[in-house]
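Across the two complexes that follow, chain A remains constant while its partner is chain B and subsequently chain C.
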Partner chain A sequence: MSFACPRTCVVAGLAALVSALPGCEREARRFDPVPIAPDARSRADALTSFAAGPPGRGMTERAAAGGYDERNAYVLAQGKRYYRWFNCTGCHAQGGGGSGPPLMDAGWIYGKTPGDVFTTIMDGRPNGMPAFRGRIPEEQAWQIAAYVRSLSGLVPDDAAPNRDDSLLGAPPENLREPARPEDKR
Partner chain B sequence: MSTHVQVMRYVRRLIAGVFLPATAAMAASGAGDWPTAAHDDAGTRFSPLAQITTANVATLRLSWSFSTSTDKGEEAAPIVADGTMFVVTSFPHRVLAFDLASPEHRLRWSFDPRPDPGARGVACCDVVNRGAAYADGRLFFCTLDDQVLALDARTGKELWRRKLGDYATGQSMTMAPLVVRDKVLVGNDGDAFGVRGFIAALDAATGQERWRAYSTGPDADVRIGSAFKPFYASDRGTDLGVATWPPEAWKIGGGSVGGWLSYDAQLDLLYHGTGSPAPGNPVQRPGANKWTSALFARHPDAGDAAWAYQTSPHDRHGYDGSNESVLVDLPIGGQPRHVLLHPDRNGYLYVIDRATGEVLSADAYALVTTAHGVDPATGAMRSEPSKEPAIDRVVREICPGSAGAKNWQPSAWSPRTRLLYLPHQNLCEDATAFEVSHIGGTPYIGMEAKMHAPPGAWRGVLTAWDPVGRRKAWTLEEPFPIWSGALATAGDLVFYGTMDGWFKAVDARTGRALWKFRTASGIVGQPIAFSGGDGHEYVAVLAGVGGWAGLVVSNDLDTRDGTAARGFVAAMKDLPAATSRGGMLYVFRLP
Partner chain C sequence: MSDALDAAGPQAAWIARLWWISLWLCVAVFIGVMGALCWALWRSHRTAAAGGDAPARKDRALRILVGCATLLSSVLLVGLLEVSVLTDRALARLPGKDAVAIHVIAHQWWWEMVYQDPRADHVFSTANELVIPVGRPVVVTLEADDVIHSFWVPNLHGKKDLIPGRTSTIAFRADRPGRFVGRCAEFCGVQHAFMAYDVVAMPPDGYAAWVQHERSAAPEPQAAAAMRGRELFLTGSCMLCHAVQGTSAQGRRGPDLTHFASRAHIGAGSVANTPEALARWIEDPQKLKPGANMPSHFLPPADLAALVAYLETLT
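Our next item is the complex of A and B:
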């Protein structure tokens, strides 16, 4: 069997295909985000500017790309479900803590920006916080990060959850006030 | 030490601790030591020293103190042997060795095992350590990141270390080892993280693992074989550690051996409890969940089980069975019986024939709403159906709550008063269950709870229990749970500490308060007594609030969330105002 298309023909065909790709990307609608990113760190790094700037700038862009929106009630409600499903409750309770630190107070050992919280969830921290990379889809991790911020009143109270389906431990998230004046909205 | 000397020392301890009223004359070399967390293999926590008595304890005063450089719960018993006191601190488990012969009790050596800080994430109940064990010039202890170490007791030089598990799977170690002949016996922690519990025997000289017995799974793994003769029919059968679980659930079913071990040389039997089943949510694990929340008797040479008995089959409330078993000989029904006294978290004090596993009596020593006692014919606990936790429904007034009527805090036995002194708590809880997934290294619980004291009750109780008369001889109460161990002495004193920072001595016969000392932080440790070699009897305790009950202070929890620390914070909101953190060793003597 012989090839009908000579080598030049193949190269030309590939070139046409490559030039068509950006067009396809523009039209793409992704209803199902990739459940587990191959490595979010490398993508986050790619977005990070090495120039001086506000801390976590790359992660802020990454958060927006990941669907982070702490003004959105659906995002926070989903975050609240996943917070329980991924066993955050076991160590951090309803924000009061346990074997893990409290999440409803003013203390943030590893930072309170959405990017900090996301990184803590995905990469873990050396004093006992396990890494959930590979176990939590990225979009859900961003939703959990938004919910974690709601525990200490850092999100708009009209979007924060206002009731529990379980035992009432702490006041509802939408009634929590940030402890630091600079965090008050 | 030759075997002969070892046997003699054991016999002497046995005589001093169990059969005869001890006297100060017995404070010869060795008798004034405190070589294991429980003082002796029988687990009595009784010191035969009688220099400090009910008559003179009022003049007891501080001899020396030393900071542990830590700020978590200090639950260890100081160990005294060969003229040295050994202290294992909370994480990072620095070992301090004090030269008791030197007038200033100088630090002879200290040792840092450098455990992995990541292990702190899988410590259910604070990063505690319950103490070391001394035998034949070696000091053995566990670290939170699943290592067992042996040090040269003279020099502090590391002899060996053995890693028995991976903390990333949720496994940790906090228990005090027990040495039986040439073996160091240790077990894991991590029921709240869905580990598979085990007890292991390591060669004392090399650290080589000699045997390991799991608490769940096939008989071969549990070391159930031809020697296994359980007393009750429900414990007989093949592979019950598999058959009493949903498929595969035994692999992540808990049953850790993180509590106390005791040993009877005459019967050559080792006794240990097993932890609660995982997950905490009982709806997800129908069945008896063998052999969790149970007691085992094993032959120490190969670990073969002699008998087992489940104190809480299908444990619905996280009661666990790993509390101490104190080995004593008592006249029961007119007959002398070799028994073990086991005050279980389920609120019942069991008197069990330690040769056969027969329950001779099981009486409630605290308020129990979850059960109606043990059926004498079957050995089964009669559970109250209305207290079965349910998904998305809150069940109220579960008494005792998941912390138990008594938790880890070990009791003491006095052969002089024939009373068992139980430090414990009075806490009920409201709880709800939810479905939980097993994610290795994260909590596998599926329960949410809030604890509270029953109306009108104090949270802390010290009960003096008469196991022959099956009744309380006396009780005393404390505002906070008594989370420290108890110490009984031949001076007819009982010592204990409180979470708000008082170290106290009471009359062993009446419970009358005789002496107290204010410590810098709350006490959750184990008091001991020893002979200093200078003619003085000393009493020592570690202060440093923490543990599950003290997490609200040691981990700086937020008291606005009652479910924090798995519901303990609801009952401890006033503790931060009563004490603060900081580990400190205190040693006392008469002027």
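Our next item is the complex of A and C:
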């Protein structure tokens, strides 16, 4: 007994330490965005090209500067909130589409890269998608782009939102498999 | 200031009375228990010094004493229970005649106050400011937009939680004019600490004038800078979230700014409402209230000044 007790204590202590290890990584929340100069590329091809084309040069760097991080739960949750607040639901519903195309399937008319989605939001697209440049701040548009990608399961599911503030209308985003082409409506 | 012991209404007075009764009773019991403990220590010390066991006769006296103390404790505890039940009952019995109806919606991290009226065009909305008339009961219906919050004006009443998907009610009355502070009393996220609201109790005629003013639309800006500011407000991102009655800005995600300049604070008690603070707030709310849902706007200095000039006309 006098020997077993210290060993039990050591084992218990080690187990506690090991289980505390995941706590070391705290998700970063960026509250102070870096001011970004207006984006010449997305403005230039706004409303002119029907195909998405290759993502513009520097779009990845722009995304990083704008706080785009699809592995960050905070970014995705904020994107979800803005998606509702800015009335994306008005046309795209909860991703199933309405007068706008669905966002939870595998069909991407103007490309599915973060840069493409961002450009679609900021500059609009023909046949009804309005341009939100100057209305939605850039870092929020990046957050919305990340959330839009989560609708079809394109983001890591440990970061995707798992609960709604309102009644649940669809399966939570973190339970979605990447959408397959044959599911396209 | 918020001070639960400085009651401004009948209900806070009841709660404060209950608190004082509990405090003095506990003080008396504490002194009694400590006295008994000291006496017991002193007695056992003396018995040990005399070098003998306590006689059986004293044992009996001790038993009676302990019995009495137990009985007294039960009586005091039941008494406290009774007082708190009576207080609770008194709190629920506020006469509701001629009550002011206000709907309060808690958001992360600000308060929306909607003053109800049977006439739809008399309903108006303000933010982080609860103006109430002295002497009239106020019935506040509470709703949460996102997570659980709690409504607490210590000078007027106790707390009431706001739970998403559920409407609850709290009723109170202010019996003297004054400025109080209400707070969110349930942890609700990073900026829970900056989720306060000013409560202003006004004499009835002052309140009537305030309501009349709040119902009116925003005044037309006169100066050139203010007109430019309004143009920026209506064409930029402000109007996606904010409303100014009398203009096309009808956003509902942020506070209604129709009479913004008459409010005491910006950002739910974050900073005093001055033009300098407002400019800092518009430019980078994240510096003043990290995590707030209002984004930063890095505007050219002239535009920022124009926007501030316009918002300052919204008295």
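Just so it is clear, the second predicted complex is superposed on the first by the 122 of 185 C-alpha atoms of A that agree within 3 Å, B and C clash if a C-alpha of one lies under 4 Å from a C-alpha of the other, contacts with A are read in each partner's own complex, and residues count from 1 in each chain.
Operating definition for what follows: a residue touches a chain if its C-beta (ideal position, glycine included) is under 8 Å from a C-beta of that chain, and two chains touch if they have at least 3 such contacts.
This structure is a prediction, so every number in the text was calculated from the model and none was measured.
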Touched partner set for A:Asn127, first chain B, second chain C, both or neither: first
Touching partner for A:Pro156 - first (chain B), second (chain C), both, neither: neither
Touching partner for A:Arg135 - first (chain B), second (chain C), both, neither: both
First (chain B), second (chain C), both or neither touched by A:Trp85: both
Chain B/chain C common contact set on chain A: 85-86, 135, 165
Sites on chain C touched by chain A in the complex: 145-147, 164, 190, 235-237, 240-241, 253, 284, 286-287, 290-291, 293, 295-298
Residue ranges of chain A touching chain B (in the complex, touch as defined): 84-87, 89-91, 93-102, 104-105, 107, 126-130, 135, 165-167, 169-171
Complex contact set, residues of chain B against chain A: 117-126, 168, 192, 392, 394, 430-432, 434, 436-437, 439, 441-445, 448-450, 551, 555-566, 569-570
Residue ranges of chain A in contact with chain C within the complex: 29, 31-33, 35, 78, 81, 85-86, 134-137, 139-140, 165
